[in-house]
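So that you can tell them apart, the chains are marked A, B, C, D, E and F in the order they are listed, and the count of residues begins at 1 in each.
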Amino acid sequence: MARGEIVVVNPNSNAVVTAGFDAALAPLRFADGPAIRCVTLEDGPYGVETQEHVEQVAIPLRRLVERETRAGAFVIACYSDPGLHVCREGTKAPVFGICESALLMALARGDRFGVIAIGEGTMARHQRYVRQMGLMERFSGERPLNMSVAESAAGDNTLARMIEVGGELVKLDRCDVIVMGCAGMARHRQGLEAALGVPVIDPVQAAVTMAIGAVRVAA
Amino acid sequence: MARGEIVVVNPNSNAVVTAGFDAALAPLRFADGPAIRCVTLEDGPYGVETQEHVEQVAIPLRRLVERETRAGAFVIACYSDPGLHVCREGTKAPVFGICESALLMALARGDRFGVIAIGEGTMARHQRYVRQMGLMERFSGERPLNMSVAESAAGDNTLARMIEVGGELVKLDRCDVIVMGCAGMARHRQGLEAALGVPVIDPVQAAVTMAIGAVRVAA
Amino acid sequence: MARGEIVVVNPNSNAVVTAGFDAALAPLRFADGPAIRCVTLEDGPYGVETQEHVEQVAIPLRRLVERETRAGAFVIACYSDPGLHVCREGTKAPVFGICESALLMALARGDRFGVIAIGEGTMARHQRYVRQMGLMERFSGERPLNMSVAESAAGDNTLARMIEVGGELVKLDRCDVIVMGCAGMARHRQGLEAALGVPVIDPVQAAVTMAIGAVRVAA
Amino acid sequence: MARGEIVVVNPNSNAVVTAGFDAALAPLRFADGPAIRCVTLEDGPYGVETQEHVEQVAIPLRRLVERETRAGAFVIACYSDPGLHVCREGTKAPVFGICESALLMALARGDRFGVIAIGEGTMARHQRYVRQMGLMERFSGERPLNMSVAESAAGDNTLARMIEVGGELVKLDRCDVIVMGCAGMARHRQGLEAALGVPVIDPVQAAVTMAIGAVRVAA
Amino acid sequence: MARGEIVVVNPNSNAVVTAGFDAALAPLRFADGPAIRCVTLEDGPYGVETQEHVEQVAIPLRRLVERETRAGAFVIACYSDPGLHVCREGTKAPVFGICESALLMALARGDRFGVIAIGEGTMARHQRYVRQMGLMERFSGERPLNMSVAESAAGDNTLARMIEVGGELVKLDRCDVIVMGCAGMARHRQGLEAALGVPVIDPVQAAVTMAIGAVRVAA
Amino acid sequence: MARGEIVVVNPNSNAVVTAGFDAALAPLRFADGPAIRCVTLEDGPYGVETQEHVEQVAIPLRRLVERETRAGAFVIACYSDPGLHVCREGTKAPVFGICESALLMALARGDRFGVIAIGEGTMARHQRYVRQMGLMERFSGERPLNMSVAESAAGDNTLARMIEVGGELVKLDRCDVIVMGCAGMARHRQGLEAALGVPVIDPVQAAVTMAIGAVRVAA
């Protein structure tokens, strides 16, 4: 029975990204635990980079949430948390945004968090969101990889670049926990953590962890 | 093998409290998930009510953490989060405080959280802690049951009193998520949530949820 | 020539609301000043009350902004400031949200602002927005009329109810400037101000004022 | 009839500064709009640079405000907003400070503002004022030209220096809107905006814009 | 020798107030400690109640400070801290404001402070000042006696009214330390503290205490 | 008679540190003032550097406070303010922490404070504490000497290093008052202040100053 299933939605239409975080969720799948089903939003853009991308997926996400009447919880797997509040309005199931979840999880692992962004273009939006969450006193800073989503997904030197940027966040901005500001970086989490010596949070894993708790406790 | 086991420590010596949250953690135990072992601190006071109680358990908690060299994560199961930072200093495993975890989990479920305290005596300490966490902009208020720990554990009218106090937090302080400010209230969580119509967070369940994620993702 | 024209968009499809604020903008129309053209969003809901309403008008607003290539400035005339950031991304002309503008204008007229909302349902969204703007230290509170948009537009006792609620904001929440939290209340501004003895800000007038400055200074 | 006239007071006795912003207000003068009359405070110092200058003009400004019984609004045209609150106490007409108005207007044009100061000496006062306004979460930083008021008024390389300092505010401090921290810089506004690619706010224009709205709406 | 003397200035011309706090400083006079000389500002108003009063004493205070070239420290003994920054600019000796000092001293005695004001008229100014100091997270509230300065000085029921208002600050606003928001209330400090059961700070005593430390340590 | 005596406790067992601040308190000893008695905690570690050191002295400090039933006030002379709240719970006498007192005293001497730490290891704890105090808006930054307590006590080049680090706090972090983040630096206070040109606060002197005021006023 699907009661309690966690539906993780990739708001972009890039199924490679979906497959990536689907794999990264393996450690959170238990024999008798909640099913975790990763889906790709049919109508999504190829990547969510602009504010227009963010806005255009909000209502499609709401429709998806409304259709999934048996879900135990939802995770919106894009670091801009598109449609988070409109989805919450459309279901009694808890809805988790991966950015919100990652920042909260980070605060249980360090005193001040730093964020690795893919590109500069999203940083103003992210900062506005940190302020909306009321977390500015714990925010060290955000620094961009300055890679496209495609590059960061494909490139062999992505980890090297993440270590460089993460190192600046730790040394210059004095954070003691790192959040990866993208849904598609999970395979670099352990390497980055080992290199930097501070906890590194993957946002999809963070949100699914919270969803597991919510689903099981409510059962 | 105990690798990855989550050790949940009750810093007070009241084994009834330990047994209570042990039972409340059943939904978070999975056939192939991390073991969750609840232990009672030998040297703890019967209840952690005063600042003296908080301080006197810090070093014993550190010693316990140092002894448990195979633990995957620790949870300190007292709402004052005694010894949280000193325990973190003593192990490479993540250490979760139930108050910290509950407040963070609450922020993924509502915009402003309210806290139900057992008694008035702990509220100044809790408020200092909310400020230390940098979360004052999301804090609606805290209201006491004005019951002893013993009363709240035993009494039949505990739920009725929690509904009364929680209702004031929702209506007067305008919170939209409630945190139960004690390790021993889990059995009232569902009743309270049903009565109030807003999410109710049990802090031990919140911390263990986070610990599961940390342990599994690091594996 | 339309160069420098200010386009004021009502994101809901209720032309009575558009006509209402069009009339209220008369004092801001000058013989040799910027034209002020009020338009109704074709695809908008009858009223913007829910988060779904807010989200569904964002992309239509963006399209409208993209079509109006000769506008000197835009005003989004709904107190939820729907689509504000996505519209800014789509044009070089400045875009003003009426909520943002009203709160800022209020801060030049008093030390702490209070907000009169139509109904309770929008208040959590408004509060999130005040926090996103970083203005919580100047925010006294928000209180609802608990009328429908229709009632507040039609009813003869709307002003009386606004005076009652505004009086609570002044006396109980200790604000010294009031913001009317809706695009359609302008005709009550003067009566309310006279009754309460503190400045009262109409958000559409506030935003159009700012737009006039931006358009003229940039010319 | 002078009813509704906006009186813009230069608190220093340097009539060249007054003439400068008088000219910069041309775009805000409308055939049938409020008259805008710029006056120089008789008793003012030659420039307002020190805290002593700020304090010594407060009471003379109050006297001026009391004499101008027919004014519709006042603008105090010095970036330290001298006498703002004492002038407000002395009239029923709204009184706008150019610093306060500029910061508020900036918040409608960008997420985080940076300020260009003439010299270092005023920066501690300005920062105290940003904190008094409760706007620290939106404040990127302030950087000085390190020119005297006289130099900045006369020098040909003033714009070049402003572009240099403004560029540091944008690139190093990551602001996305610039406030010119002096009443006498308006003629560089457009050049600076063109060079930096972010909105640039002239404080006298900002305050007069707000005054126009207040005067007209109240009429 | 007057080297190191502390000059305590009453900015109003009411010598009874000066005599009152002069007497209240007896416990802070030591045989071999700094001399403490209380003076009345010749040009001051009879009481400092309005913003105009505050502004008009700023320059006279500066002149006094400039004349007292041998002072070791200054205390401005009016709860509005008039002229504090302009006096600091005019001397190398430290200058203490009694409001600033009282709030800081209060933060060493409790977690959240409440303020007893003489009348409502000063409360907006005080709140602006708390925000300027960056102390809003520790501020419980301020409540007025609603007595004139004269009444509060003369009346026999002043203490009773202070206990009533202070009790509201403790019980309703949940402060755990009280600041008396006036230079002339010292004789009620002990009675109020005894009645309320929380520390009560007299602002003149607080500032002179800090001045003693500054003078002696610098010697 | 010892009534009103101030007991200053060094929580570490290094009597050289105790002797150092005992000497530095000479200017605060008056013929007819409160006695100031400096004691070394018997059970303390040789230096308080780690969180474990902080926690392990809390209960011993409480016991000491309980034994000293005739003390008028206590000062805990370690910059981590160990046991501050548990000591306050154990006595009716006021208890001052030197870090808390120093930060508060600094706020009466400058707008933004910077802190000189001995080593990097304590900085995260200090920052958490600044946040707990609600003082982040006044905090410029903290920079480490990167010396051991022993080195800083013994070394001849300690002052030179403090001037270097303090200069960075003033020039790069833009503080205008410096707090020395250790109980054993008092002999460098004057040299540092002379070199930097901003006030420098010794935390033990700050706390004892506040204690003198509290003791005398209560008498």
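Here, a residue touches a chain if its C-beta (ideal position, glycine included) is under 8 Å from a C-beta of that chain, and two chains touch if they have at least 3 such contacts.
In this text, all values refer to a predicted model and were calculated from it rather than measured experimentally.
The minimal number of chain-to-chain contact steps leading from subunit A to subunit E is 2.
In this assembly, B is the chain whose CA centroid lies farthest from the centroid of subunit D. Annotation: E-F is the more contact-rich of the chain pairs C-E and E-F, by number of C-beta pairs in contact.
Centre-to-centre, using mean CA coordinates, subunit B is 43 Å away from subunit E.
Centre-to-centre separation between subunit A and subunit B, using Cα means, comes to 26 Å. The set of subunit F residues that touch two or more partner chains comprises 128, 131, 133-134, 136-137. Shown here, the protein chains touch in an arrangement that is not a line, ring, star or fully connected set.
Pairs of chains that satisfy the touch definition comprise A-B, A-C, A-D, A-F, B-C, B-E, B-F, C-D, C-E, D-E, D-F, E-F. Within the complex formed with subunit D, the residues of subunit A that make contact are 124, 127-128, 131, 136.
Only residues 27-28, 30-33, 94, 96, 100-101, 104-105, 107-109, 133-138, 189-190, 199, 202, 205-206, 208-210, 212-214, 216-219 of subunit E touch subunit F when the two sit together in their complex.
Those residues of subunit A lying in contact with subunit F across their complex are 111-112, 137, 176. The touching residues of subunit E, when paired with subunit D in their complex, are 50-52, 54-56, 58-59, 62, 83, 85-86, 88-90, 125, 128-129, 131-134, 136.
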